[in-house]
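Lettered A, B, C, D and E in written order, each chain numbered from 1.
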Amino acid sequence: MKKFDPDRPWDLTTLPTTMAPQGSRPHAPVEDQCFLGAEADIKQPPKLQEAVATIKNWFRASSLNVLAFGTGCGAIELRPLSTSRFDMSRFGIPGAPTPRQSNVFIISGYLSVKTLTRVIRCYEQMPDPKWVVALGSCTINGGMYWDSYNTIKVLDLYLPVDVYVSGCMPRPEALIAGFQYLMDDVKKGKANGWHHYLENLEWYRENQKQVITDWDLPNYNW
Amino acid sequence: MVIDPILLVAVPLGVAFLLPLFSKLGRTAATAVQGLTIVFTALVAVSWLPGLLDGSLAPANILTGGYDAPIAINLHFGLTEAVLCLLASLTALGSLSYLSVREDEHTIGRSGLLQLLIMTGAFGLIMTRDLFNLFVFLEIASIGTYALVAFGKEETSLEAGFKYMLTGAVASIFLLIGIAFLYKLTGTLNIDDMVGRMPPAATAGLATVILFLLMGMAIELKLLPVNGPALDLYDGADPGVMALLVGTVVNGVLFAFWKIALLVPGTWDTAIMTLGMVTFVGSNLLAVAQDRPRRMLGYSSSAQIGLLVFLVPLVQQGTVALAGAGLLLINHTLAKSGLLWLSGKHAGETRREWTGAFAGSVVMRTALIIFILAITGLPPFPGFWGKWQVLSDLMAGGYGWWALPLLIGSLLEFVYYYGWYRYVRTPATSNVSARPLGGASDLGGVVAFALAALVFGVWLMRDLPVMGDRVLVFLTGVGLVLTLLRRLPRVVLAATATAALGLAAWIMATGGGFDLTTPSGLFHLLIIGAGLLVSIAGLAGSSGTGERFHGLFLIMIASLLLLVSTDNLLLFFVAWEVMTWTSYLVVTSGRLGAKPGQLYMVFSGAAGFLLLGGFMLAIGAGHTTITGLGLLTGSTAAWTWGLLVTGFLGKSAAWGLHIWAPGAYSEAPDLFTPFLSGVISKIPMFGIAMVAFRIAAGNLPAIGAVDLTWLLALIGGLTAFGLTLAAVFQEDAKKLLAYSSVGQVGYIVVGLAILTPLGWTAAMFHVVHHLLFKGLLFLAIAGVIMRTGTRTMYEMGGLIKRMPVSFISVLIGIIALSGVPPLAGFTGKWLLYQALLAKGWLFILVLMMFSSVVAFIYMFRLIHSVFLGQLKPRHRDIKEAPLPLVISEVLMIAGVMALAVFPQLLLNPLNAMMHTQFGLDALRIDGTVLTTMSGHTLNATGMMVLVLVMFVAMFLVLLLVSPPMRKIRQLDIGFAGEVPPPAEEIHFASRFAQPYERAWAPFLKPRATNFWRSVTENTGGVIEAVRKIYSGNGQTYVLYPVLLVVVFALLGLGR
Amino acid sequence: MKQILSVVLLLAMGWFLVGLVPLGQPTEPGRVAQHYIDNGIDENRGANLVTSVIVNYRGFDTLGEVTVLFLSVAGAGFVLRRRDGLVRHEHRPSSEILQTGARMLFAPIVVFGAYIFVHGHLSPGGGFQGGAVIASAVMLLLLADRSHHLPHGLMHWLESMAGFGYVMAGVAGLVVAGSFLSNQGVLPLGTWNRLFSAGIIPIIYILVGLKVGTELSSLLDVMIDTGRPARQEGGRS
Amino acid sequence: MELFPKIGWTLLSLFVAINYGFLINGLIRKVMARIQGRFGPPLWQPYIDMGKLLVQRNSIMHGYMHWLGPIFRSVGGMGVYVLVPVVIGEPRLAGFSDMGDLLLMMYFMFFGSLGMALGAGDAGHPHSPIGVSRGLSQMTAFEMPFILAVVALAAHVGSFDINAIIATQQHGVLSWNLFANPFASAAAFLALLGMNMYAPFNIVGAPTEIPVGPATEYQNSYLSLMMIGRSALAIGKMVMFMDLFLGGAHSIGAAVVKILAIYFWSVFVGAVFPRFRTEQSVRFFLRWPTAFGVAGVLLTQWVR
Amino acid sequence: MNAVTPATLYLVTAILLILIGLAGVLVRRNILKMVLGFALADTGINLLIATLGSNPERTAPILDKPELLANPSLVVDPIPQALVLTAIVIGLGVTALMLAYVIRLYALRQSLDIRDFGRLKW
């Protein structure tokens, strides 16, 4: 594997090709492990526990607070969501102005490296569980910014993405659809990006530090 | 054994003639001979004093030439003469010690002669009863003065001396005209003989003759328009010379005037009194604008002489006791000579150059303040007793209105003397010379006179009942000792003070001094308790106290104990004034306390004089006790009440009179501020309740439709509101608490003004409670200041992590202050609001409630800016406040909590107190339930239990429902993804209430400050204009006597 | 402006003073004066009543007067103690005629002065007048010969002793008659209109004469000796 | 009433009140959405939010005061509620209102705010004290007309006793203070707008400017406690207004309706007004509402 | 005042002398002349005192002749004469001192103008 070259950021061949290794962080308490996809390692939880976990997930899915953070041009597509035409509040999706009180992070479009540092910090300040919705092609492969020197191409390398909404730009309806998927996943306990992030923190950090050359995030978040 | 007083003149004269020969033997010999002579004269006077005092000796009539008066000149030597001669001798002795080290090669052997002759001239002036002989001795004294003022710097002294000679010569001419014609009219020169032979007042020309005589004396006495040269003299001549003159010539001339006044018909009395009083007030007024301390002393001398001249006709009529005037004179001599000597010990010409003077010398500093206290007429110095005597005699003699200018003039003295002292107290900056001149060997006179003033003043108190009180004498004694030994380690001082207070508390407790059902008992407990807490905190021994704090503190506590327990108006006032000056001295011992201290002293002085005025009205009506005030009726009652209440309000910094408070509170030593706020600001409340409202008991007339008590309540309400609002915008923690303190006093004022048992209960409850929580707040903040070294709140922050006990103290303090249940602040407010509602003063009720809401802003501001928010990196390692402070704080917290849970502990005795005061109960207290007489109930204990139960329940709930919790780092905040800037930048504390400020902007002009500033500026403008009459031109100075003669003559007094 | 005001004020004051003129018309001597006229000779034996009054009845005044003189001389000396800003006179020596004449006149004038104060109790004049005459002799000397120096030691001694003698004379009265400056019993009063009469009055007057003579001489000496100011620019003149 | 039954009834009443508060909250969201032409979240959305907050997986603490803040808040809210009598003549619903009077209630309302402000301050976020500063400024301002109104009513009966004030309003609808003293009522109801902190007086938590103000650093269980406190406080306040101005309630049904009516007064005003800046709102309260309050007090004095 | 008596004449002269002397003090700016003014005024005072004791019908109070001794009422009051003597000496003393001052003042400021000696004021 070639080393990442900051002078040739568009060279996708320098990007890591393998997915993150498993188990680098201690895992979550048992009640949530029902849905963490590691059933093989632990014994099947009791039914009651599973029921409780289901209820909990239903609560989580029905009250998704979206952090008010617009990263790219997709942010303009978020605004109509709260208008009377789309009205995302009917799904119990209000906005939340502070990461402390929000559950969903919409990465709305391209993400410059500079913004990435802020995004990482905000993301890490959100309480668990938390989800990332990647909006638009830029978050998938860089989109029209594929050869930009300061824009990341693949969001999933830096933050765990739970739902991709493709398009350039996707309409608000697409985003709502994305939310529906997210809510389904949350209810099923499948949306575990936050857990993945915890478990593979070193890997994510390494990736992050590769693009953020002037790494100045204080490490007191964890 | 008595010595013939003629030797007072003969011996110094003979020695003076021989002195040129002695000086050939050497400097020491001449000085020794001179000193011995002066000591001899002093002994002569002393030998007569005891006999004359107890009446076993008759005054001596001394003949000369072998014949009795009027054939020959005779001298008279009675008590007055003996005292004056003694003073003259002592001053001469002191001046000798002062001047002899300042001689240069030119003056050796010459100035001693002049000093001796000046003293002799004064003796002659004092003793002679012959009019022309009087003139001769006057000339001896004057010529000696003319010559001796050339001592020292020629540049200024010659100029001053020459101008002085010019007017002196005019005075001689006037006097000679008067004497010659008087001789012609009466055929005799003996004053006593002449008195009986004066032609009828209507005799043509007699008035002109007397006018010339009086104007000659006026020049010699340096009364107002003609005192220009004398001022120049104080300014330009050596202070030692001036001190000599004050003790000898000035007193001699004054007594000469006394003798001449015997010849003046009674129709002149008003003119003389007016001239004297105009001089007193005018000179004091002009002194206020004076920037040069020595010239200021000149104005002051002029003023004091004016006062004594004012008294001369009154004493001769028998209206005023001679003792009163005499005490004033003695006081002035001692203090002014001492001040002059001290003024010569420093090179500063202007007040600014006096900055930090005598910083290294305890003796000189102590002496200076003793002299200033004495000359401004504070107890226990003789001037106080003199002034009291004079004022009471004036009231009793029907001259009450003259007391008004007298008090105003005395207040002006406060302004400039403490203005001067302010500079002395201000720490010196490097470019100002603070080195005393002339070593320590010439301090003899200073020390002796300071001691004399103190001892004499205390000796005058010997018959007062206060001397029998063990606790007071004990505390004062220990206090004096500690004041003098103030260079000991602070911990030792604090420990001694604590021990003394503890002992006093024990004595009082065993003697039943803490009977809470009486106001004095309650205040005794408060004073001693707060004193103990402050003393304990003082054991921390660091910068929280000034070096002379502990000694003065004990004296202050003694005075406070006296104040709250006496029934005598005189003693009350003595205690009041002692409290004033001790607290003033403590305030100025703060690092920057000098300037606010001056303001404090001036306002306290004004308050004191208002009280004095009120007391004098009562005394004029024949009542000398506080209980006697209740017998006043009609307009006297109203005026007395008004004066007393205004005085008390001034001292408690009511709205409009509050401008001194923030500075004094915040710049006072950190550990003293709790006491200042907790106790000293309550003393006026005690005064309003226990002194002023003796009168109000029902016979206070209303002014128009406005009830006086309502007016008082309104002032209280405005105080509470205005100062609370002001506190909101403070950046300085102590200033914030200071405004808050004063605002809280407003609640007490309102409570007292309601004049119902419930209102008074509320007020008294608040007195105790405010002491506890405000003391707690001030102490906690003192600890914070001690640790952080700053008072500006936005420079602190996050200290909860470093100083948890202080945080809890402040938390308890502000909850108690805010009146939020369940702490006792609510109980106090509840009582007050119930009382107000029952009284029907709705708008005052609204004002009080609103102020208590506004108070939330500053309370949160205080605790947030200091303890919450971001901890500054530089405070990362500071420690909790010292243990003694923490102990005091914990004790106070215990007190606050006890009051909160069991308010009946205090309310039961208060109820009993109200029963004795009003004959009515304020409350019904069944177990934990308080019920007002109108049936409203409050269950403070139940409230506390309810809140505690709910709190614990919710605490458990939160514990239960909380997911795993992480204590995160300080800067880990949701900062829009940014890395937060340093803690200093994100601690939102500076201009905390900015939007509020904008909203209130039209109401926030510092009206009171502006008002007082405009008062001072306008007065200053007037003074600037008036003092241009002292143009410095000798010719103009000669013109004034002529002008004065013509004006007086045209006024119909001549011809 | 100020001058006009001054004159106006002075005229006003003068007008008030003129109002006193009727008071100044001759009257019979007052009670005290009559006592002196009637009993002065009996009590003091001095023919000159004025001297009796000055030295005996009002002797205390005179002591003061002498003190004033002493004081003013000492004071002048004190004021003039420094010489900075002054330069000594450069004087030409005066002519020999002048010097000799002055020396010749000196002794007679001194003797005349002595005569005046010795006869003070008999005829007009007395210590002050005599002393002034003596001082005029000294002035003559000093003016005639600017380089002349007075014998300061002697003069100081005389000055002091004369003054001290006066006080002692007073004390003698105090000791003998119980009253300061009393003339009774200190010395025999003698016979009226004789040189040796009037008790201690002549003694005192001689002392006064000496004192005044030496004082005034010293005063002249001090003043003449100071020199004239060094001429500099500046200042109004 | 015996102590333990009283505690039981009070707890029950409190529980109902908190639930009612939640429902009203949901209703408000729904109503606001409808006003804006939206569909809005379901009525039970507050419950869902609450549930979600309780099942978050981790939480933070800035300091002990930060931790205690929500407790103060909830105790303050519930305390206010248990100190007001809800239904006339029904001791089971009177809570502990015999411990004190109107004054106790008014001052107890500050308890929660004060503790909340302290906790927010301890979090160290600059937006918290900014919000507190705004809140305190605004609070002092709206307290002025409110105090005037309360004093007017209290002076009318000569007592701060809330039962006495209710008692004077039992002579038909027109004897309600709302009509008996319209000035005082106007002042108080204008003050209520500030108290409820709906627009135009919602500068305290102004989202996107100082995100949610004092509560910026709170999350999860803290927020749930605060929701409980806020509900209880809101209901307590409304009951107090009901007792003061609308003649109290003779039955639970009447209380429910009146509470709803009072609450929606501020909601509807908030729906149509933009936001005031702090100094604007301070000035607003110190002008007309204060004038009304003064008129109310004068009216009382005149009537007496 | 029906006729101008000698006493009137003396008194008016004395008063004029006093006034002229004082006018000299008040109007002249030269301090030497001011001193002279005082000397003049002193003379006036002395004349005034002497006049108060004068009586043209009587002789001096020196009883050196037997007829005077027998009839003492022929002499005038001796006291004013004694007083005048004292007054003269005092005047002399003051004048001497003033002159000494003038010398030093002139040495100090090189000026005799009174206005140059007004540094101390207000």
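The rule is simple: a contact is a pair of C-beta atoms (placed from the backbone, for glycine too) under 8 Å apart; a residue touches a chain by one contact, two chains touch by 3 or more.
For clarity, every value in this text was computed on a predicted model and none was experimentally measured.
Touch-path distance (fewest steps) from chain D to chain E is 2. Between the contact lists of chain A and chain D, the overlap consists of B.
With every chain reduced to the mean of its CA atoms, the largest distance from chain D is reached by C. Seen from the C-alpha centroid of chain A, the farthest chain centroid is that of C.
Put simply, the chain nearest the middle, going by average C-alpha positions, is B. Inter-chain centre distance (chain C to chain E, centres taken as mean C-alpha positions): 15 Å. If you average the Cα atoms of chain C and of chain D, the two centres end up 104 Å apart.
Chain B and chain D have CA centres that are 53 Å apart. Those residues of chain E in touch with two or more other chains are numbered 18, 22, 26, 48, 52, 79, 86, 90, 93-94, 97, 101, 104, 108, 115.
In chain B, the residues touching two or more other chains are 132, 136, 139, 143, 146-147, 150, 154, 158, 161, 177, 181, 183-184, 189, 968, 971-972, 974, 1035, 1039, 1042.
Chain D has residues 54, 56-60, 211, 216-217, 220 in contact with two or more other chains.
Here, these are the chain pairs in contact: A-B, A-D, B-C, B-D, B-E, C-E. Remark: chain E residues 1, 5, 7-8, 10-12, 15-16, 18-19, 22-23, 26-27, 48, 51-52, 54-57, 60-64, 69, 72-73, 75-79, 81-82, 85-86, 88-90, 92-94, 96-97, 99-101, 103-104, 106-113, 115-116 touch chain C in the complex.
Across the complex, chain E meets chain B through its residues 18, 22, 25-26, 29, 31, 34, 38, 41-42, 45, 48-49, 52, 79-80, 83, 86-87, 90-91, 93-94, 97-98, 101-102, 104-105, 108, 114-115, 117-122. By the touch criterion given at the top, residues 54, 56-65, 67-68, 70-72, 74-75, 78-79, 82, 96, 98-101, 103-104, 107-108, 110-111, 114, 117-118, 121-130, 132-134, 136-137, 139-141, 143-144, 147-148, 151-152, 154-155, 158-161, 211, 216-217, 220-222, 224-225, 277-280, 282-283, 286, 293, 297, 300-301 of chain D touch chain B in their complex.
Considering their complex, residues 968-969, 971-972, 974, 976-979 of chain B touch chain A. Taken in their complex, chain A has these residues touching chain D: 28-29, 32, 56, 59-60, 62-63, 68, 83-84, 87, 89-92, 94-95, 97-98, 100-101, 103, 127-129.
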